[in-house]
Each structure stands twice: as structure tokens, then as C-alpha cells.
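Worksheet: the structure to be examined is printed underneath.
For clarity, chains are labelled A, B, C and D in written order, and residue numbers in each chain start from 1.
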Amino acid sequence: MIEVLFFAQLREQMGHEKLALQNAFADLGALRQYLMAQHREWQDYLSPAHSLAAVNQCLVDDNHPLHAGDEVAFFPPVTGG
Amino acid sequence: MIEVLFFAQLREQMGHEKLALQNAFADLGALRQYLMAQHREWQDYLSPAHSLAAVNQCLVDDNHPLHAGDEVAFFPPVTGG
Amino acid sequence: MQAKQLSDFISVQEANFSQAEEYLALCAGNRQDGAIVSFVGLVRDINSQHRVQKLTLEHYPAMTEKSLKKIVTEARSLWPISRVRLIHRVGALQASEQIVFVGVSSRHRGHAFQACEFIMDQLKTRAPFWKKEQDDKDEHWVQANQQDQQKARQWLLKPEDLSMFM
Amino acid sequence: MQAKQLSDFISVQEANFSQAEEYLALCAGNRQDGAIVSFVGLVRDINSQHRVQKLTLEHYPAMTEKSLKKIVTEARSLWPISRVRLIHRVGALQASEQIVFVGVSSRHRGHAFQACEFIMDQLKTRAPFWKKEQDDKDEHWVQANQQDQQKARQWLLKPEDLSMFM
């Protein structure tokens, strides 16, 4: 299982705080493509141009491999400080 | 009259805190050369490599013109902060 | 450099902090360092032409401290700094309130300035915080700005300029 | 930027200063600025391998404040900063004591960092202060260091790098 979290504006846009997926994905890019294919709007919200992604709480890019039990998070560019 | 002040290590080396000169000098360089010619050691102490100079409390170089009433100061490179 | 002087304090908290106490923690018993640089970020009254009434800071708790520790570790690998203190607030904040503190002590001021600014620049683009602003018109998520991305990247792109300070 | 926020406080004094009070003076009633950067210089315990017992700071009173004002004016011409506070102590100081404070407030952090470091770098090479150190061996005048000269010059030599922050 892979747990997918959403934060801030992206959480509101997606209408989900968390998803639990049973599928296996080779890498973050495969998971992203899978989610983007679910709804027309998600295509936009989850595109790499509009969102960052972390796997197990570290920022990574689409080539990062995924394993069962990973915690994946998608969120907008950060605005702290 | 031109008043010449010395500070810090240079004051101790020169053995003077202040000199009052009646001579006229075209510029700071002329005054510096005049003083350097007074004692063999002053040649070294007052060389531009070892001392900075201010005219009327502003850092200047040897081309700066001098006028009667100017306050000139020579001092080592500064070490505040 | 004495190893015991190398300590990090990192905190993510709702409570306000005292800049004065943070400064003292950087100085107390610290006889080796000649330089203390500190940064405080405040909620600005006016952002993008609208008057900010309040601000809510959301974060990703499991990741926040981890990402801040990583940034401080990178700063330590770039400059010989001694003490680092980093506090970031979350939750509801009013205009003029303190949001973030970064303090760095070092033997030499150049290292402390560079490390402090580096930590802020990296935090701005890599630490999982998001601001929601309530102004006199509406409530909206603050958009990330391009200049912050550039500032953060510049540290990585110019090693020859960095080497000057090392 | 509101004109009333543009104020300089410059002081050359024997008395110690409170970093906490200086920070408050940069923040109090300041609703426009998002960034406060401050620097404090301390007497280091050990300089050039000898243990510093005490330090005496001599200055050129007629010139000191004038030169500090000039440096702050230059910083204002380079970056849109709001409040500046600059204090330099003179006279006898012990190890670990505070020597100098520079604090800058600004809307954006990059400007505050740059202006604060610029003021320190210029002060180090242009303000008429001289340190005499008493260590466990003898009393001697501190020699100016070449790195400070380079740091001060670098601000003048690289306008294209500066423009990035403006």
C-alpha cells in the first residue's frame, strides 16, 4: 500500500487530505501519471509545474523509485519563512 | 596653518599626537612627503602602504588638495568592528 | 573549534519566541565566536496591495523538522559556523507578529552572514510550510514567488563565489 | 515605503548596549517590514593563538560618526531599507563583551542581509577605530587583515552581482 497525502491549496483542490492506493508503482512519476488520469482537473493540479512531491518526507523528483509502505506527499510550492 | 593628527600605533611611533604646520602644501601628497623627509623612521611610518589619511575627517588619497585651516589625520589601517 | 560549541536548536511551534532569549542562547558562555547574525521574519501588514488581517501557517508535521535539520546540516558543510538556532511558527498569526528566527554564531562574520541567509533562502523553497492570508478582501493561499526560487538556486550555482567566504 | 519609517540611529559610546532593546526599536510599530537582520560583534577570547585579556578601542572622535553616517547613506542608496541602527563601543572591553551592533529592517530579507553585511564590511575598513589587545604575553595593536580589505572592495567591484538583490 502507498499512502498519498495532499497539503494546503492542493488539499483543497483535490478534495482529499489522504488516499491509500493498493497499486504498485515503479517510481513517483508513474504514481503521478496514474493520479493525473483520474480526473480532468487533477491533470492540472498535480502537474510537476504546479506541485512538489516528497517521498518519506524528502523532496524528490519523478525518477524516485516507490516501494510498498512509502509515504508520498504532493503539495504546492512552499511559502514559509 | 595646517593641523596634523596621529592616531593609534602611528601616534605612538611618531611620538606626537598633533603637529601644527605653518607651511602651505598643494595637496596631501606634498604634506606627506614633507613629513616623511623629517626623520628616517617617518619615511616608513607615513608611507601610503602603512598609513591612511583623512582631510577634514574624510578618507582621501594623496591628490586631495590642502588649504589653510584643514585638519589632516594620519593613522594605521583601521581595526574596529 | 571546540566541538561542544557546535549545537543546533530547531523548533516548529505555535508559541511566539523571544528574540532576546535566542540571542542570549547564541552568546552565553560562547568565548570563541566574534560574530552573531540573526534574522527575524515578521508578518507584513500589506502584501500585494491588500491589508493582511491574519495569516494561517499550515505545515507537514512529519517532514518539517526533518527538512530544517537537513538545511542546517548543509549550512554546516559549507561554512565553519558554531551555534545555530532556528524557530518557525505555525498556526494563526496576526500582522506584525514574528514568524521565523534564524541565528548563527561564528568566529568570522562572513560565515555567519552567509550561513544565516542560506538557511532562510533554502527554508523558503524547501521547508513544507504554506501561508493562507486573510486580507480586507478575502482569504487566499499565498503564491510562491519566483525570486525566492532564484535566490535558493544561486547558492548551488556559484561555488566559485561561495569559495570567497570559506 | 512610508518616509517616517526611514530613520537612522548611530551611536559611538563607552556604555554597553542591549541587543534586545535594539531589536525592539527596529520592530516597534513597524508594520511594513518583513525582515529584521542584526549583527553583533563580540570580543573573541582567542585571537591569533593568544588568550585576549582585555581590549582597548581608540577612535578619532571628530571623524567617527561622520564616517558611519556616510556608510549608512551609501547602504540606503544601494538597497530599499527602512530602519538602520548602528552602535560602536569605544574604551576598555573584556573578552566576550559586545563591541558593535548593526540592525537593518526592510520589506525583503535579501536587502536587509546585504545592507547589514555591507555596513559591517565598510565599517571594518573605513571607520576610524583601532583595537589594542592585552593577551597573556603582551599588549599590542591589532593589525588590519587583508581579507577585510577584500570583502569591502568586493561590494564596489561587482555591481552586476549586486543588481541581483535590488
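Points worth noting:
Definition applied: a contact is a pair of C-beta atoms (placed from the backbone, for glycine too) under 8 Å apart; a residue touches a chain by one contact, two chains touch by 3 or more.
In UniProt terms, the chains line up like this: A, B = Molybdopterin synthase sulfur carrier subunit; C, D = Molybdopterin synthase catalytic subunit.
Just so you know, these numbers come straight off a predicted model, no measurement behind them.
Graph distance from chain A to chain D, where chains that touch are one step apart, equals 2. Each chain gets a centre from the mean of its Cα atoms; for chain B and chain C, those two points are 47 Å apart. For the pair chain A and chain C, the distance between C-alpha centroids works out to 26 Å. Our note on geometry: chain A versus chain B, Cα centroid distance of 70 Å, whole angstroms. Contacts with at least two other chains are made by residues 41, 109, 120 of chain C. Residue numbers of chain B whose C-beta contacts span two or more other chains: 81. Pairs of chains meeting the touch criterion are A-C, B-D, C-D. Contact residues of chain C toward chain A in the complex are 41, 57-60, 62-63, 66-67, 70, 88, 99-100, 120, 123-132, 141-144, 149.
Interface residues of chain C facing chain D in the complex, by the touch rule stated above, are 19-20, 23, 27, 30-46, 95-96, 107, 109-110, 112-113, 116-117, 120, 151, 154, 161, 164. Those residues of chain A that touch chain C in the shared complex are 5, 7-9, 54, 57-59, 71, 73, 75-81.
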